[in-house]
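Here come two complexes built around chain A, the first alongside chain B, the second alongside chain C.
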Partner chain A sequence: MRHMRKSAGVLAAGAVAALALTACSTGDGETPGDSTDATVDAVEVDCADFEQYGDLSGKTVTIYAGIVAPEDTPYMTSFEPFEECTGATVDYQADKQFEQQILVRAQAGNTPDIAIVPQPGLLAQLVATGTVVPAPEGVAANVDEFWGESWKDLGTVDGTFYAAPSGASVKSLVWYSPTQFEENGYEVPETLDDLMALTEQIAADGNNKPWCAGIASGEATGWPLTDWMEDMVLRVGGPDVYDQWVSHEIAFDSEVPTQALDAVGEYLKNPDYVNGGIGDVSTIATTAFQDAGLPILDGQCSLHRMASFYAANFPEGTDVADDGDVFAFYLPSEDSSTKPVLGAGEFVTAFSDRPEVQALLEFWSTDTWANLKAAASSEETGGGWITANSGLDTDNLVNPIDLLSAEILLDPASEFRFDGSDQMPAAVGSGAFWKESTNWITGQSTADTLSKIEAAWP
Partner chain B sequence: MNVADKLVAMVLALAAFAVVIGLILFVVSLLERRGARRVAWFFVGPTVLLLIVGLLYPAGRTVVRSLFDAAGSSFIGIANYTAIFSSPDQLVVLRNTVLWVLVTPFVATLVGLLYAIWVNGARGESAAKALIFLPMAISFVGASIIWKFVYEYRFYDPDVRVNPEQIGLLNQVLVWLGMQPQQFLLNQPWNNLFLIVVMIWIQAGFAMTILSAAIKAIPAEITEAARLDGVSASQLFRFVTVPAIRPTLVVVLTTIAIGCLKVFDIVRTMTGGLYGTSVVANEFYTQSFTAGNQGLGAALAVLLFVLVIPIIVYNVRQLRQAEAR
Partner chain C sequence: MTTTPPPVQVVLPAGRSEGDVAATVRATKRRLTSPWATVAAIVLATVWTIPTFGLLVTSFRPAADINSTGWWTVLTNPNFTLENYRTVLATDSSQSLLPFVINSVVIAVPSVVLPIFLATLAAYSFAWMQFRGRDALFVAVFALQVVPIQVTLIPLLSLYADIGVAGTFWAVWISHTMFGLPLAVFLLHNFMREIPGELVEAARVDGAAHVTVFFRLMLPLLKPALAAFGIYQFLWVWNDLLVALTFAGSSNQVAPMTVALFNLTGTRGSQWFLLSAGAFVSIIVPAIVFLALQRYFVRGLLAGSVKG
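Presenting the complex of A and B:
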């Protein structure tokens, strides 16, 4: 009897394990709903445009990405015309662990056909595994036509062009309350000097501290400060010096970066200017970046520098518009003659040169796709997606922040630069830069901070 | 996959598992006739194999890796270890780990012991015990998030017209008492103690449960004899209770001490190891997986292993002595 009971116990334990296993397997491999009934009405699609890709019936292209529900459905919708006209099937798989998993999969040789890679640094790591195939001619031509040199460089590793850009986001934004500005007679600043003058004015009026900021973000704590500094390097030194700084041609603690971090400090380390609605300077270190801009809604803070995606952090019912509760303006440059833009984006990376994969890549890099995707996002998720594809028709955007971001991105005067910390080696970009910025805001000097980051460069 | 598919998959998985186990038991029953030693090897073999593949090999690799540079490509000898004991950042990490190991076990055990004695035999003992035992049921990450809210800070300035609402319980209490709210997670070096509080909150229940059982196991004759000899309550505690439960005390102390050496979740969740609160286990993770310094990360993992060994040796010796008695 004792023996029997024992084996029953083992069985029960095993059953639990098996249950856990099935739960995992169904959770991981799940492909988001096949219910892609939604059609894109706003953009006219003519199957004749797809004839160049030939008949691809029965062929399947797999896409692997970190973009999960609900943002994944517009992607699937945007590929529908391609599927209908060529007969190919697009299999989109989303995974929150994409950034870790894609490297593991590439090293193991188990690659998807296409991956949506959110950082040039990761693209370079993937290329180093030898599994990425260069972009086809047609894609290169489209990128030349619609994006231009700086974006093409971001998808290029060691002189070979691999990946076309897809989505983009703008980080050089300052959130504010249009209502509060109107009540107090504040004007949206046009230059950095104006911004400082506005800051002084708000501080002098004494209703609230002008700026609010927060950099706490779990293990990534500090990243909002790295964005601040990148924006200032772009403004103090210009895009060329920025590129040298990112690629470590100039030292991290050389003159321009030092001036840039000091320029950030003029705002964020001045106890009269921060931290509106939260506390003193040191509270910037412990305030979650998601919460940091919310005091704008209570009138406890006037200015908050954060990327376009911050729109999603305001509570439901907040009117995000240029005459509403909150909106954003472009973080101005030294004078209005230059317009450096800090941002981020995604890169469509292929691991296969099968004809159907090449066809999808080419379609993906066209203005047709960009408009299909923008319209699908507007329809299904209320916006939240833009691209730097100059063929983008802004009529397909509904969200005011998307419109503003697209306007900034597509402005011919804009000089786009990709988030620098994403391009630096991990020891700096996701190590010392975050950590020492956090130490800097809690009291460490600019010189110590920058020399420590410089020392961490591998 | 819909629900029906999932159910089918689950049933299939269960069936597959039953088949495998059935097969193993069948093979064992065949082997059983040929002698017990073979059966033993049949069961021990896979375990030994998995231990070698899953524990010994990675441990060896970690030691080797700790002698290489950040990328794991060139041999640098013991430079990673000297870095741990010389760089100011790493010395803070060591200091914090020492603080955790010295403070937590003793305070948690003391709280648990006093509580166990205090509620022993009192009315509503089980309810009182459940209260202090409950935090044990919460995961470290869950507990950390709870305490993060407790410590949350918003400024309070009596001269300002509108102050933000205090979200943190502790700071709200301070404001009610007429004091200034504090940034518990930021102000060094005290923030370490506020993290340790979370661990004590969790572990005191563990200490209390084990010690309470040990106290109840003290033979009634001994305590009665001591009482007849006219000892006071404190003497009873000092000369009877503590010596009688000494082996249990050692087990509790060492178990919590090992837990503190390995503490990771609390630090990671509450501060991410920033503001001078990092500990060895957290630093090992940060260096290995976010900062991309695999050599230093491996060296920290080896150091952690070396630090745990003496405690485990002491623990095992105490257990053997207790058994020998």
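Presenting the complex of A and C:
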């Protein structure tokens, strides 16, 4: 658990004092002096806002999710004002088998009240079991107000809106070392051509190989490559072609995906460019994705494309900042006029229409909750959580990488697209796509790879 | 009970002195032990232990070292910390395993006692009581052993949800009892059949009814078998993730240690360096149980496997 301490300097008011106290009591090794600079204080909560939900004393709402310790505590903290003002109890349970267990529980009729679903594809599977209830109107109104059409579509199955978005992450990021860039006079690239030029320059300087990558992740080995390819499809073909590709309106082995995968290959299959600090091209397949970016810290590698959540993988004490040990830049587009963003996120869906469940859902979709959650994450886990809720006040983010991600997400010029493999049918999205990508990095040709994935589409 | 006869029988004919006996024992020992076999055994034991030893060393290394180098580098660069154990054991740590150790014990004790209790009663009646359809029923019970528990998960969970015990300890206790019973009945039945019929008949002649035979005769003789099955069942329940996760869920009040251990790596696996320390914490209890009962375990392994 990392603690980043920033003084918020905003005084607490009303119910939030209790919130701040709880936030501090969960931290480890904090000195009493820290209790005055809890950033949670920055969010003011007035119980009057909760009157619309009525008195829910004695009612319990169970939440089931795949988000475990230490990232689960900010969730519990963020529900505390709701519990205090309405009298309801929120019971948060999580385990990493969520994606399998929630289906088992839905099929057996043993559903929680609310689930935090990380993929639209899984949401569709849950809806198919007939246990999910559509989102209440209040939630739909909030999503219209704070998120917009594209996010609402992701929570919609067959024309019915079921799930409001919650957290989000940005995947179109390249990690680098600001210190190393400064020492060598490298510039953060603005276009894809710049990125290639930078890669060539680093390789020519010969201090280290420019890129490092790792795709090993147990049974999910290969997923970091699918992200690479999705990012490149977005850049080579644009968001519209990306949508067609994800929904299989164009074949997996058609022209744009082929160009995209070849574009990935220009970086990752070039023995001069990879695998900095780790070995040759073949080591990409065997390096755990959690470890692949660490050579940046030793100056063994300069560039590592990975999502915003990778910040948690750097050892304690690493200075993650735009002038620190590591930071990230937006994976540039073909030219600076477009800004496609690949990302992912969680969706909150309910299995019950009891009033307390609907009330919590509605609270969850507000800007108040988004700010409470962001502040609680900043306080308790040093950040690592952002949302695409446009009501998010970036003052509640302390982690520079969260600020960067939120900036990218909330930039009106950004064209957000959800992780494609999470939306494809399971046979492809969590099957052939992963497996064939792994074969591709260990030597299979682009054409073979894509035609095999195409053949696996159900 | 059946034991394998030793390869060399030491027979002591009448009239031979103690020195002769000692010489015979030495000769036997010599014939039974070969230096090469000893070397092979030591090599095997070492190779077998190295991964566990590596895990132990890893559990004391700082996170940054675990992430970047293998445990053998401690030889050149010794660097140890108790931080990993603090994270998984301290009560103020959000990733503490301690509350879950208690849940695991609460799950394991009834899940071991219940099947043993039921299976001993059932095994006795299958072994020593005459009733119609006994053999067919016995085969049917043992045949249940071949049903993979995975296929029962959803139907069982749906039953538990209907009667309102899903998500409680009851669901786990009942499930472990059910899954453990066929093997328990089979093992204990075979063990009881090996007890000489004369013993039981003698007791019956003395006026003992089934209850007396069961408690005064069978239970004392069954101790090794009960202990052996107890260890099997305990290890299985303690290490079980699937049954507990499916029927009890992941709430802090009921989830066992395995669920906590599984979650220990963090949402995206970035905390995997904690696993080595967590693994050792979870090993302690079964290791104690196993060491305390190991001589029964070896004897019990033979029970049922060799039918007398």
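One rule holds in what follows: the second predicted complex is superposed on the first by the 418 of 458 C-alpha atoms of A that agree within 3 Å, B and C clash if a C-alpha of one lies under 4 Å from a C-alpha of the other, contacts with A are read in each partner's own complex, and residues count from 1 in each chain.
By definition in this document, contacts are C-beta pairs under 8 Å (C-beta built on N, C-alpha and C of every residue); 3 or more make two chains touch, one makes a residue touch a chain.
Just so you know, these numbers come straight off a predicted model, no measurement behind them.
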item: Contacts of A:Ala426 with chain B and chain C, given as first, second, both or neither; value: first
item: First, second, both or neither for A:Gln300, with chain B first and chain C second; value: first
item: Touching partner for A:Asp240 - first (chain B), second (chain C), both, neither; value: neither
item: Chain B versus chain C as contact partner of A:Glu149, first or second or both or neither; value: neither
item: First, second, both or neither for A:Ala108, with chain B first and chain C second; value: second
item: Chain B versus chain C as contact partner of A:Thr438, first or second or both or neither; value: first
item: Contact residues common to both interfaces of chain A (with chain B and with chain C); value: 26
item: Residues of chain A defined as touching chain B within the complex; value: 7, 10-11, 14-15, 17-19, 21-22, 25-26, 30, 216, 218-219, 221-222, 277-280, 282-283, 285-286, 295, 298, 300, 425-427, 430-432, 435, 438, 442, 456, 458
item: Contacting residues of chain A [partner chain C, same complex]; value: 1, 26, 28, 64, 66-73, 91, 93-97, 101, 104-105, 107-110, 217, 290-291, 294, 309, 312-313, 315-316
item: Complex contact set, residues of chain C against chain A; value: 63-64, 67-68, 90, 92-95, 153-155, 157-158, 160-162, 166-167, 245-246, 249-252, 255, 259, 262-263, 265-270, 272
item: Contacting residues of chain B [partner chain A, same complex]; value: 1, 6, 9-10, 13-14, 16-18, 21, 25, 70-71, 153-155, 162, 164, 183, 185-186, 268-269, 272, 274-275, 286, 290-293
